[in-house]
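In the two complexes below, chain A is the common chain; its partner is chain B in one and chain C in the other.
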Partner chain A sequence: MKMFSRGLVSTALIAGVLVVHTSAVAGTIRIGATMRMISENGQKYGQMVADEFDLINKNGGINGNTIELSLLNDECKSDKGVANANKFIHEQKVHLIIGSTCSSVSLPIVDVTAQARVPQIIPHSTNAKITQKGSAWVFRVPVSGRYYAGVNAKYTGENIGTKIAYICAADAASQNDCDAMQDQMRRQFNAEPAYVAQVQEKEVDFRTHMLKIKSANVDGIMIAALAETMSRALLQSYEAGIGKSVRRIGSSSASNAPVPKIAGDAVLGVFYTAAYAAADKRPIAQLFNQMVRDKYGIHAPDHDFSQAYDLVRIVEIALHRANLNLSDGSLAADRTAIRDAIASVDGYRGLASGPISFCAAPTPQCRDGNKTPVLIHYTKGGEEFETEVLARVPMPINFGLE
Partner chain B sequence: MNLVVTLQGVGGFFGRMERTHPLLPWLLAIVALLPLPLILSGLFNDYYVYLANRICIFIMLSVGLNIVKGFCGQVTVGHVGLYAIGAVTAAILSTNFGFSFWMTLPAAIFIAGLAGVVVGVPSFRLEGAYLALATLGLGESVRIMISVTPYLGSSTGLGGIPAPSAFGFTFDNFTRYYYLVMPIALVGIYLSFAILRSATGRAFQAIREDTIAAAAAGINVRKYKLLAFVISAMYAGCAGAMFAHMRPGYIHHNNFTIIEMVTLLLMIVLGGIGHVWGGVIGAIIVTIIYDQTKDFYFYQPLLFGSSMVLLVIFMPQGIGGLIDRYIVTQRFIDARREAGDGTS
Partner chain C sequence: MEALLGFLIFGVTIGVVYGIVALGISLIYTGLDIVHFAHGEIYMFGAFLGLVFAHQYNVPYWLAILCAMIVTGLLGIVIERVFYRRLTRAGGGYTVAGMGMIICGFGMSVVLQNIAFLIWGADAEPFPVNFGMPYQIGEIFLPKSYVATAVAALVLMGGLHVFLKKTKIGLAVRAVAQNKDIAFLMGINVPLMISLIFGVACAIAAAAGVLIGPMQSVQVEMGYLMLMKAFAAAVVGGFGSLPGAILGGLLVGIFENLGAAYISGSHKDIYAFLLLILVLMFRPQGLFGVEAKVKA
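Then we have the complex of A and B:
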């Protein structure tokens, strides 16, 4: 009998939790964020977004309203990201969704937000297909992968050579970077890849590939992978005896702090395109670097930090502009107002390598906000790494869509 | 006492209905579950209907896994690979060849069943931890193959998988999809009971209890082991197809990792290995607890990992075993009491 009573109590508790979760407070701007928070850096990106919204609330909120942020981990898995988005939309009745970090999660969420008519703003995902789906509800703060490839290919072909080997990891962003780079090398220089290796997202042994690449006598190696995987590949390229004269080209995740930290001196000379350079001399960038160093213990923030920060600022601007009623009955109208307010952001200049502009049309030209990749290379490895900006390259809005 | 009476009453009621017609209780169950989306939407919101759909898919998976692991006693850690095969088959057939759900579903079940043969063959010569390792390798190799094959979705996944439709009715939202997955899940449970009560089910249980004794009794051990793997794989294929066609119609190799496999194992261990209802109970409880602890994402892996360890130590038969023991104990107490009454 005791057991039965316990069962009843547990059921009542679960039901209680469910009821509590369905409550919604009027006069509050509800935002749901789904991010990959399974790494130390991933958790810090999420924490920074939460801290920045807290700061807005402490400074008086948005036109007298406060922001309520719900932050969930999607572990870079599409089913969990979709579940989070559905939870935000139907249970928490959010006005805006932020996310995800991973392209493979952002891609299906675009369909969910489009169907539910909820604005979605993306902090990190670079896969070009995200904005090519034609959703009127999606905005991308980071530079699209199609731009990165164009800049990388141009610099490589003109300064290094056209005989390039590729190591492509199986995550969506890296695969996209790798494919786009090969495509651009063909288009710009009529150059076919000298060697292509498809590897696992968390591959640990690249030595066989590196030995083959060494014997292929290439001009450069593009390593498109997430930070830890890229670091291992860089280290093993030197272990295999590939000299410094063969330049290493990184995908956009080369900007992530773990790369120089793990790869050490193997990162020297590696160049990559990103949306932010910690070497940026502007006062706003220096202040940001200092803030991230003090608050999150990161020596030099990568572009995922800067993009998350820029995203919060853009959301803040849009929310100030949007005419919100914030009642239960005005949810659909408030969501539309926020979408239109984000679409009206034009020429925002924050930490990003170039101005971020959106517009109303549901096209990549309108919804890929930042069109200025910055070309960077490492001048010092290790914990206290240093980088140097080689060039800022504003791209034509139609680039990569032909 | 009251619980036993209630359970016996419910059991007796269903038993009487089953004697009228074997399918009657199941048809009644479908009718009873029809208003669930309305209740969930009314009491809570549409998200819980979405959760109910996910639970139905997990029920298919865990009930299927229970056949090979619970009924037949074969250790398998590659079930999620078969789930992936079902999902990818349905996705490719619908997006690349324009097949409807009604064709992709049987195709996914068939292809997963064939893959079940491959997973089952090592069980002829391997047992315990070695069989677990072999099935783990096969399951993980499926995921890796998907992740590096552009045709199978590779890193960007397979999207644009259409929602099922029939006679102009499209199952394109949570409530509509519920009316597809719920009956399929109930059919899965019914078939699982049917297998358990059949000669095949008894052969499975004989193999689970003692392989040598089963062989000595004339049971073709290899045949039945393979059959258990194939049936279990067909359940996984069905679940995979239902997952692929559920909105937003997108699958990615990251949906089929070892973490998903461990979650699936937790469902059947919690519910009770060898109990059909155990898989159902486990799927419901684990899905709800996972959802309700989402806010504590830092501690979720710890919570689920430690739950698994504690369950194996303190409740190895799961909730199903607990209920069985409770009923048996109560019956024993009742019998003793009646015997006592008779002598006094």
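Then we have the complex of A and C:
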């Protein structure tokens, strides 16, 4: 009996210690991030996201809980992105998915996260259809392509002319940028395209198109393509003898560092819309530029960096607000709590040129967070490139949805 | 008319590059009875090596081409000796070993691409070379880089022709290409000649890579499409025919540019393969090929 009661006391003590231990141990917020990390820039902004979450943990975490980030490379391939998302959801049981950084990958992931009821927040994908799918689980930090097209078209029609040739690469973002720009030129100026060419995502020879564009005597050429493809097209437009008087208009990927690096002087005068310009004079932007330069060796961070940084801050705010249990049985409730907390972020001001706000309705109006494109042009090419901000344009919430 | 001339110039400049790569593929096929599916990656390696010589070691462009050719040629010899020799010894063509060689080529292509990725990363690298202001012929601007490409291609073709037709080693190479057993009985060092054929073919591919660099920049994935076009060129010209490879390259380049100009600019790559299908339908042996493909 004595032994029995001693055993009971011991068991009770151990149990008590375990209970205390369980309640004292912080929970883990699992986040899965899938991004395009094949280029130097991609690897570095992926690293920046990991570092920023690491910093949050070092500073005490989120309400005493730590963030566990799983970062995977999708190489901008939709099959890999979907596989990553499924791995996050079904194997790692994540609370939140970040990604992707390519529209062609983010688009199919929206269906996966909607079905599994996991919140998804996107650092960089411009295709307007992403938020038009009506998923209640998706949030977009970057500017939607519908806003970019509106600003590009207005500036082009009013300052360049309305006779525009279009070179449209086959990736989802470029196709969307190209179609939206043509649509806006029609709506705003009743202008039909002077020439349209659909090209491969990684096309290398644009010279035939450029010669045809030259003979069409256009006012401008819009090149909607990923960075490397756009650079080649810019260079070859000069090889075909198209002079500087014909303005080159870039899709948002013109902001990526490989464009000025590869295109060199051919990038001079190219204008485009993006979410962020390293030429931004605000103190927060200058500090950010300095941090990225010192820590990651990037001469001038583009909007891939700024948007990834803003995303981490928004996630941090939302996680602080969310009431999380972080037990095995609370996964679904925690995911819903995180979704609702992100939806409650209103008027966040960070590196983006305007406030980022979300709301509960699963509509583009609520889920396209940033509504302020920046109009930028290149003033110097090469690795030490320079840009100038032409305008910041807050857009009406319904723009491009009529 | 000026536009047509412009399209033809574009077709010829890219066509000679297709032709040079096809020349290497045909040379390997002639000598070893194998189709080398990693040739696109050899071309990519050559382009990167040219870039390294030109920009890291500040070697003049023409010398960079030569250096890239030498290093890539040696790399080709190593690949042939270490990886392909066992398979080619067992026979090529329509044999089981020939099929193994094709699969091995695919594998080598993936391996080389990943090695290049580890060394140079996935970013496209610019290959700026200052050729000076373009020539202006009427309304046509003719960049000097195009002229340089055409001249370099002519020099390479001429050099290869002289090597094969006017030198003793060239004669030995041709003998090995005709019949390895008889060549061996005649006292020719057949393994050495096979390595030489492979090395020369790889060196030629490297030259093509360095020539295309200033026009299209250099990146790890550049080999795949070039390989497809070069295969089309080799088949159009007649697989195994060296003059046919060059002519095939020119035809593919011109055909795809004229197709893009006058039919539809979108999906330009279709035209090269359309030409390939037409040639296979109406002259399966290619323009310069012989009908019987069974060798002596």
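Going forward, the second predicted complex is superposed on the first by the 376 of 402 C-alpha atoms of A that agree within 3 Å, B and C clash if a C-alpha of one lies under 4 Å from a C-alpha of the other, contacts with A are read in each partner's own complex, and residues count from 1 in each chain.
Definition applied: contacts are C-beta pairs under 8 Å (C-beta built on N, C-alpha and C of every residue); 3 or more make two chains touch, one makes a residue touch a chain.
Quick caveat: nothing in here was measured; it's all calculated off a predicted structure.
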item: Which superposed partner A:N323 touches (first chain B, second chain C, both, neither); value: neither
item: Chain B versus chain C as contact partner of A:Q175, first or second or both or neither; value: first
item: First (chain B), second (chain C), both or neither touched by A:Q198; value: both
item: Per-residue touch tally on chain A - higher for chain B or for chain C; value: B
item: Chain B versus chain C as contact partner of A:N63, first or second or both or neither; value: neither
item: Touched partner set for A:Q286, first chain B, second chain C, both or neither; value: neither
item: First, second, both or neither for A:N398, with chain B first and chain C second; value: neither
item: Partner chain in contact with A:A240 - chain B first, chain C second, else both or neither; value: second
item: First, second, both or neither for A:G264, with chain B first and chain C second; value: second
item: Residues of chain A that lie at the interface with chain B and also at the interface with chain C; value: 198-200
item: Chain C contact footprint on chain A (complex, rising order); value: 38-41, 197-200, 202-205, 207-209, 211-212, 215, 227-228, 231-232, 236, 239-241, 258, 261-264
item: List of chain C residues in touch with chain A within their complex; value: 3, 6-7, 10, 14, 121-126, 128, 134, 139-141, 143, 145, 215-217, 219, 221-222, 225, 257, 260-261, 265-269
item: List of chain B residues in touch with chain A within their complex; value: 1-3, 44-48, 50, 54, 144, 147-148, 154-157, 159, 243, 247-255, 257, 259, 288, 291-292, 294-295, 297-298, 300, 322, 326
item: Of all residues in chain A, those that touch chain B in their complex; value: 1, 3-4, 14, 17-19, 21-22, 37, 43, 70, 72-73, 75-79, 82-84, 86-87, 89-91, 103-104, 107-109, 111-112, 115, 127, 129, 169-172, 174-176, 198-201
